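After the structure tokens below, expect a handful of questions from me.
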Amino acid sequence: MRTSRRFGPLAVHALLISYTIIALFPILLIIFNSFKSRKAIFKSPLSLPDANTFDLVGFEKVLGSSSFDVYFLNSISVTVMSLAFVLVLGAMAAWALAEYDFPGSDFVALFLAIGIMIPIRLGSVSLLKIIVSLGLINTLTALVLVYTAQGLPLAIFILREFIAQIPNDLKEAARCDGVSEYRIFWSIILPLIRPALATVAVFTMIPVWNDLWFPLILAPGEDTATVTLGIQQFIGQYVTDWNAVLASLTLAIVPILVLYLIFSRQLIRGLTAGAVK
Amino acid sequence: MASQSNKGSPFKTHLFVFLLPAVLIYSAFMIVPLIDTLRLSFYSIETDGTASFTGWSNYVTIFTDERWSADFVNALKNNFLFFLIHMLVQNPIGIFLAALLSLPRLKLKNTYRTLIFMPTMLSVVIIGFIWQLILSPIWGVGDTLVGFIGISDGLPPLLGEESTTLLTLSLISVWQFVGIPMMLIYAALLNVPDDLVDAAIVDGANQWTAFWRIKLPLILPTVAMVSVLTFVANFNAFDLIYAVKGALAGPNFSSDIMGTLFYRTFFGFQLQPGNPSMGATVASLMFLVILCGVMIYLYAIQRRLRRYQL
Amino acid sequence: MADIKLTDIRKAYGKNEVLRDINIDIKDGEFVVFVGPSGCGKSTLLRMIAGLEDISGGSLQIAGETVNDLTPSQRKIAMVFQSYALYPHMTVYQNMAFGLTLGKKGPLGGLLGGGENKKIIEEKVQKAAVSLKLEQLLKRYPRELSGGQRQRVAIGRAIVRDPNVFLFDEPLSNLDAALRVNTRLEIAKLHQDLQATIIYVTHDQVEAMTLADKIVVLNDGHVAQYGTPLELYHHPANKFVAGFIGSPAMNFVSGTVVGKQEKALEITLDQNKTTVQVPVMPGKTEAGDVVTLGIRPEHMSENQNGDFTISSRVLAVERLGDASYLYLENKNHAHICVKVDGHSATRTGDQVLATAPLEALHVFDAGGQALQRSKISQKHSASA
Amino acid sequence: QAEELVIESWRNDDIDIWNKQIIPAFNKSHPDVQVRFAPTPPADYNASLNAKLAAGTAGDLITCRPFDVSLDLYNQGHLTKIDAIEGMENFSDVAKSAWQTDDGSTTFCLPMASVIHGFMYNKEAFKELGLEIPKTIPEFMKVLAAIKDEGSYAPMSMGTADQWEAATMGFQNVGPNFWNGEEGRKALIAGEEKLTDAQYIKVFEHLAEWGPYLGKGYKAQSYPDSQNLFSLGRAAIYPAGSWDIATFNSQADFEFGAFPPPVPEGQSTCYISDHTDIGLGINAASKNVKAAETFVSWMTTAEAGELMSNALPGFFALSNHKINLTDPVAKEFVGWRDTCESTIRNSYQILSRGTPSLENDLWNVSVGVINGTMTATEAAEKAQAGLSSWYKPQQ
Amino acid sequence: MADIKLTDIRKAYGKNEVLRDINIDIKDGEFVVFVGPSGCGKSTLLRMIAGLEDISGGSLQIAGETVNDLTPSQRKIAMVFQSYALYPHMTVYQNMAFGLTLGKKGPLGGLLGGGENKKIIEEKVQKAAVSLKLEQLLKRYPRELSGGQRQRVAIGRAIVRDPNVFLFDEPLSNLDAALRVNTRLEIAKLHQDLQATIIYVTHDQVEAMTLADKIVVLNDGHVAQYGTPLELYHHPANKFVAGFIGSPAMNFVSGTVVGKQEKALEITLDQNKTTVQVPVMPGKTEAGDVVTLGIRPEHMSENQNGDFTISSRVLAVERLGDASYLYLENKNHAHICVKVDGHSATRTGDQVLATAPLEALHVFDAGGQALQRSKISQKHSASA
């Protein structure tokens, strides 16, 4: 700790900055190339946009040609709803698996983990049939249900591990206080696994936000299209409209970045400090 | 003391309340479709689209027909390599970054964390594009960059040679997904009580030894979990390779992994119509490989690792 | 009604048996204190009563009902944990109010609030906070509290509820003397007001003696003695209890029985070959048996007359202000302790004569069992 | 309420043309039928279409890939017969062959467009370097060598990273001149020729000669890279599909032209790949079959053909109507139909329906020979081995 | 050499100032005890000395060097945490040996072992384990230990190292009386053997009085008094220290100065209008000023002659065995406590006359500062 006050912090910052550069360089490349003309992108991809090369054609195309506001709204509502379900239902199941030692709990745990072992795309046809038979085709509900199902296994897998680390004394204190199991879960477990919930939220939200496949087959309609589905029109068979792709992807990062920032505030250190001796 | 809460019979109801919603949604929208599809591996599909039961013959084909088995073995081998690179590069870097970020009183830690996590948030389309642009010997980005470190011959076509494609793709994937182990380990490190680190420091440890001897052993279950998740994710991987190299995972299948093999078989590609029954067979085999890994984790590793209540 | 009956209770962690043959009857409204050396099983026993540890054997009844298999909440208890177990994400106020905000009254089993009326809760918490000197800290989080403050919050959390049984695990160990006395009185008052049954673990003699209706002395997983405080002080059943109750501890010197009378034993001290006649019932003891004599430091005095005398060099002096402890050489034990007046001028290295009246002597047979004392004067100590 | 027709397509590049030209034109004559063009990214088209068809949620009109992929759909009952639709008589059998049952008895998609292979070149660069359009392969190689020696342009812009580029723009582009177009293609299907025959090995040998003249780093060069290299004026020659015309029209700021694949020394007949590429079929499960048929019928008209061909220069209508093209380069491409024999890509019909598919193998081996990791013979043997492993006539 | 000098130390958590104006000089090898009410800042000060908390202001010197910015390990200290802070993944043995296995000697900065010789480590740990009665537990993990056992491991972990400075934060709070005495003696021995400087936080009077060379009484973030144990007992500098040191606490009654002499004050008790003449230096006190009289319970006796008398009803009696406490009514405070012989027959409700000699009285002015006592006999208590 105090070491990191003299020479330590410099070394640590140097390491972190160098990695940050590695992580960020390609992304910066994307962002500033999205402000350049196509020619300039390929003539000198490394240079910053200047008076000659500055070109908003990508953004104009994206914002002009499609109902991006609707897409954004759809994407955000689908992502947020799925997240809410995954987090709440996932944490509930993870708590049940971590805390109660019932017969078959190992089996249930394994059963719930299968979902991370097979790509759900495999089941697309049956899934589509199910959604059709439920009359949910072309609705955001269909997407929310599928994404919830898809996000649950990983959420449960991760949260279970973190729930197991919560000091027993806390649950026991609550049980002695006559608190119901539901409230122990809601008032004690959930708040204490906030960092893990945030992590799971981020992991769940990224594939949901970026997914193209299920919007494509479950909800391809104009009113239900998501941002990713909206962007796909710029990625064609032969011609790839990189200006537009870069612009739309730059735009599409913004909401997810905001969500990320919201969640990452939950990564709090020392949540259980002061709980037990 | 997990067991005592399970003693009285009145306790059973909440178990259902906690488990049922997740199990229901998950079963209905995940397990049922998956099983319905995996079932196809025991069928063969006729040209008119009807399926007829053929037992294990699809599996026999995969293992005995030389063309199938060569593809399968090649994909499996590549996949192990893909996984190994993630294990050896992605996870150590992730742990290391998490360790740095969790140093007490580090300034700007949230900024670093967010920036380092950015690649993980991007879609593979953009990742594929940007790395092809950077690594392409044509546009000069890579050449300029290696020029900085004194290599003047420029960049070899890393994404074009059989010997380097898979490695390069793995490293791109590592670059993209380092955020995941980093976040998980970071979240676990947040739980390690400061008191313990304080105690180690007072005992004469520095931050480095405190990390190795106190923090790391305490988050070992999370590290194991990250490893198994890496395994599962890598054996399911598909997107990046498909986006950069297409379903044929070239050159000459040198970047073919289970995911691309499955996709190519199941959904077909270009002229080749999909073959759902063989695709389902490949997927079932993939699932078995992953299941083995997960079982090893659940029964051999997770059981043995003690969780320390912090 | 909340009498508690422990019958043949045992507890093992794997092969490691930490409690056995525990038989205790606690009457409704009684204040029972568990004492015993560190690691003897006090917390474990308490946690078993609370329902937090499995009972490996025997039966536990509360209010006549066997509760071995009931959950903690079904047992209607409140507990103060040795580790405090505060909810780290709740303020002090929320910690204390948490147990009250529920109850089956609200919807979803109290999940959405419900429970007692807000006003009532606030009153209760405020009252407890004032009596524990926590008023200023209600908005703080546990991590922002000192050790003692945390402990008080843990106590507060228990006392705002009114359960049938209170379980306290060393609740005052991190408090300073003044606060300790106050809180002790607070707990005593609580006991009177609520008429609740209280089980209290402590290692503090004063707490045990002043608070308890009955004391259970545990030793190495079994009950060494169960009785009122004064019974334990005056009639320890065995050498362990004799040595454990009282501070500083009782001094032991070994001796050999040389004569046996109807209501007394003649014993020669191995230490200095003097013979004393101790008023105890000889029981099965025979001449020639080796016995141990016990004498409390506070029953000894320096340089006064007395029937039982030891002359020795002073090894060390501890001065407490109102009293001082002299530590004398002893052949068998580390030392013999004598409690003397705070102004005693005796110093380390001095030669002193320590004396005690015969009635103050305890005798233990070779197995450590106490011999019944035949004549216990209400004033068996020569000087205070 | 007006009926709405939904068109499934992988051509999301064409969304504007459909919405702004084709559909409005159709609605002029049929104002009561709403049409919506709903494209899917090409990489996901087959998979998503299959899923939607299986579940019954696919659109009414389905853009057909040529040959087996669509034949499969028909066999599974997802596409209707369209022989009876008015206007189908405007298409030749060759045009229809890509969307017919093997015996040619039933047609299930309307042939919409074909694409022609050839080479485009930077006219300014050729002028600058004083180069002539090559007619024969030796001339072609000389031109390449000249450009390379001069050094200011990459001789030819093609990459092997995307694989299909090597097979389609390479093998299928120059190949018909070696195997005599339709004749060779049919013989291969009939099992009378083998890929290990000399003419096929010669194609690979010729391809292997390309390697040195492709730009630096061509092994990692993807198709968009190739397009960009040419359109940015950095390469002189571009092995093309006619569909590239539109791209270069909008992106290149120099004049470019096209020449047909050069013939081997001494050969007088030239062959071009005039490949049937896009068709349009009707979803058997459609609730608007009548309207769909109306639309398909309208698509057979000269009006529709001309509209399409001009809106999408490089995609040539397959109907027998006389169509006026406005784009000069497109005109050049179409002009070859008069001077050379047309054929289609030889791996597309029948030969790619098994595993491994010949098409996929050709991608792989074409890349192999260009990259120099395979000899021409090895490549031919590999492709032949793959084909004969499942295709009876070749065994 | 490890003298410690704290100059104008302050500490604030945000706006909340928890320590201020701390000036303490600790000589090399001295045993200093911090006492004070719960939450007064003892642990915080200790952690600042250890280097675990930032110092908000002032300077801290160890062995003449300003160490504000040094790491804990550079300060060469060992510490016992109030929360124990045992490493949960290490056995008792490993916990104790941890500090010894570190050190620059091994490769990778001690990462792969290194540190001291294995044999030596084992010897050291064994020795500490024996003296703390932990021999049987060396292979256990912290989660398998009782509270007191954990505390002992924490002590053991500190004492196996031989640092210049030991910091103990309430190290005995969870131990029973017997073990406590033993461990206390062990620590005293450690102090003598190692000649290390020791800073020790406790809330236990006996520990503080018996162990300390010097005691620092902290109150509400500042030093109320710093001196030897007997100085604090006999000459408390202010009402706070007077009330804090000594158990049960000093009794306070208020009075009004009616006369002033050279070396004494005449004071009328508000309680019962009697006037006493107390031998203290009047200082600035004037007739008419309100003062507080302080008298320790152990300096009072029942029904004897004395200059200072209070007659009152007995509210409660606490019997400890060798002594009993009588609690009498007091106008201003909760009660007046009188320590009497264990055999006193007085019961709740009795009327008693409590007396004390004048020399035993302390006088505090309106600001709570003690007036200097003019004549302190070595025997100012009437009875022990």
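Each chain carries a letter (A, B, C, D and E) given by its place in the written order, and its residues are counted from 1.
Just so it is clear, contacts are C-beta pairs under 8 Å (C-beta built on N, C-alpha and C of every residue); 3 or more make two chains touch, one makes a residue touch a chain.
If you want to know which protein each chain is, UniProt gives these names: A = sn-glycerol-3-phosphate transport system permease protein UgpE; B = Sugar ABC transporter permease; C, E = Sn-glycerol-3-phosphate ABC transporter ATP-binding protein UgpC.
Note that the structure is predicted; figures quoted are calculated from it, not measured.
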How many hops, at fewest, get you from chain D to chain E via touching chains?
2
Which pair wins on C-beta contacts, A-B or B-E?
A-B
In whole angstrom, how far does the Cα centroid of chain C sit from the Cα centroid of chain E?
22
Return the distance between the CA-based centres of chain C and chain D, expressed in whole Å.
94
Measuring from the mean C-alpha position of chain A to the mean C-alpha position of chain C, what distance in angstrom results?
56
Whole-angstrom distance, CA centroid of chain A to CA centroid of chain D, is 40
Mind pulling the residue numbers of chain C that touch at least two other chains?
51-52, 71, 82-83, 144-145
Please list all residues of chain D that touch 2 or more other chains.
47, 50
Which chain A residues touch at least two other chains?
1, 3, 42, 124-125, 167, 172, 175, 180, 182, 235, 242, 270-273, 277
Which positions of chain B touch chain A when the two form their complex?
1-3, 5-6, 11, 14-15, 17-19, 21-23, 25-26, 28-34, 36-38, 93, 97, 100-108, 110, 112-127, 129-131, 133-134, 139-141, 144, 175, 178, 180, 183-184, 186-188, 190-191, 193-195, 197-198, 201, 206-207, 221-222, 225, 229, 232-233, 236, 238, 259, 262-263, 266, 276, 279-280, 283, 286-287, 290-291, 294-295, 298, 307-310
For chain B, which residues count as touching chain E in their complex?
193, 195-196, 198-206, 208-209, 212-214, 217-218, 306, 308-310
Touching chain C in the complex: which residues of chain E?
13, 35-44, 82-83, 144-149, 151-152, 169-170, 173-181, 203-206, 209-210, 229-230, 233-234, 243-249, 296, 298-299, 318-323, 339, 341-343, 378-379, 381, 383-384
In their shared complex, chain B is touched by residues of chain A numbered 1, 3-4, 8-9, 12-13, 15-16, 19-20, 22-24, 26-27, 29-30, 42, 44-46, 85, 89-90, 92-93, 95-102, 106, 108-127, 130, 145-146, 148-150, 152-154, 156-158, 161-162, 164-168, 172, 175, 180-182, 185, 195-196, 198-199, 202-203, 206, 209-210, 228, 231, 235, 242, 245-246, 249, 252-253, 256-257, 260-261, 264, 267-273
Mind pulling up the chain B residues that touch chain D in the complex?
47-49, 67-68, 132, 135-139, 154-162, 242, 245-248, 250-253, 267-275, 278
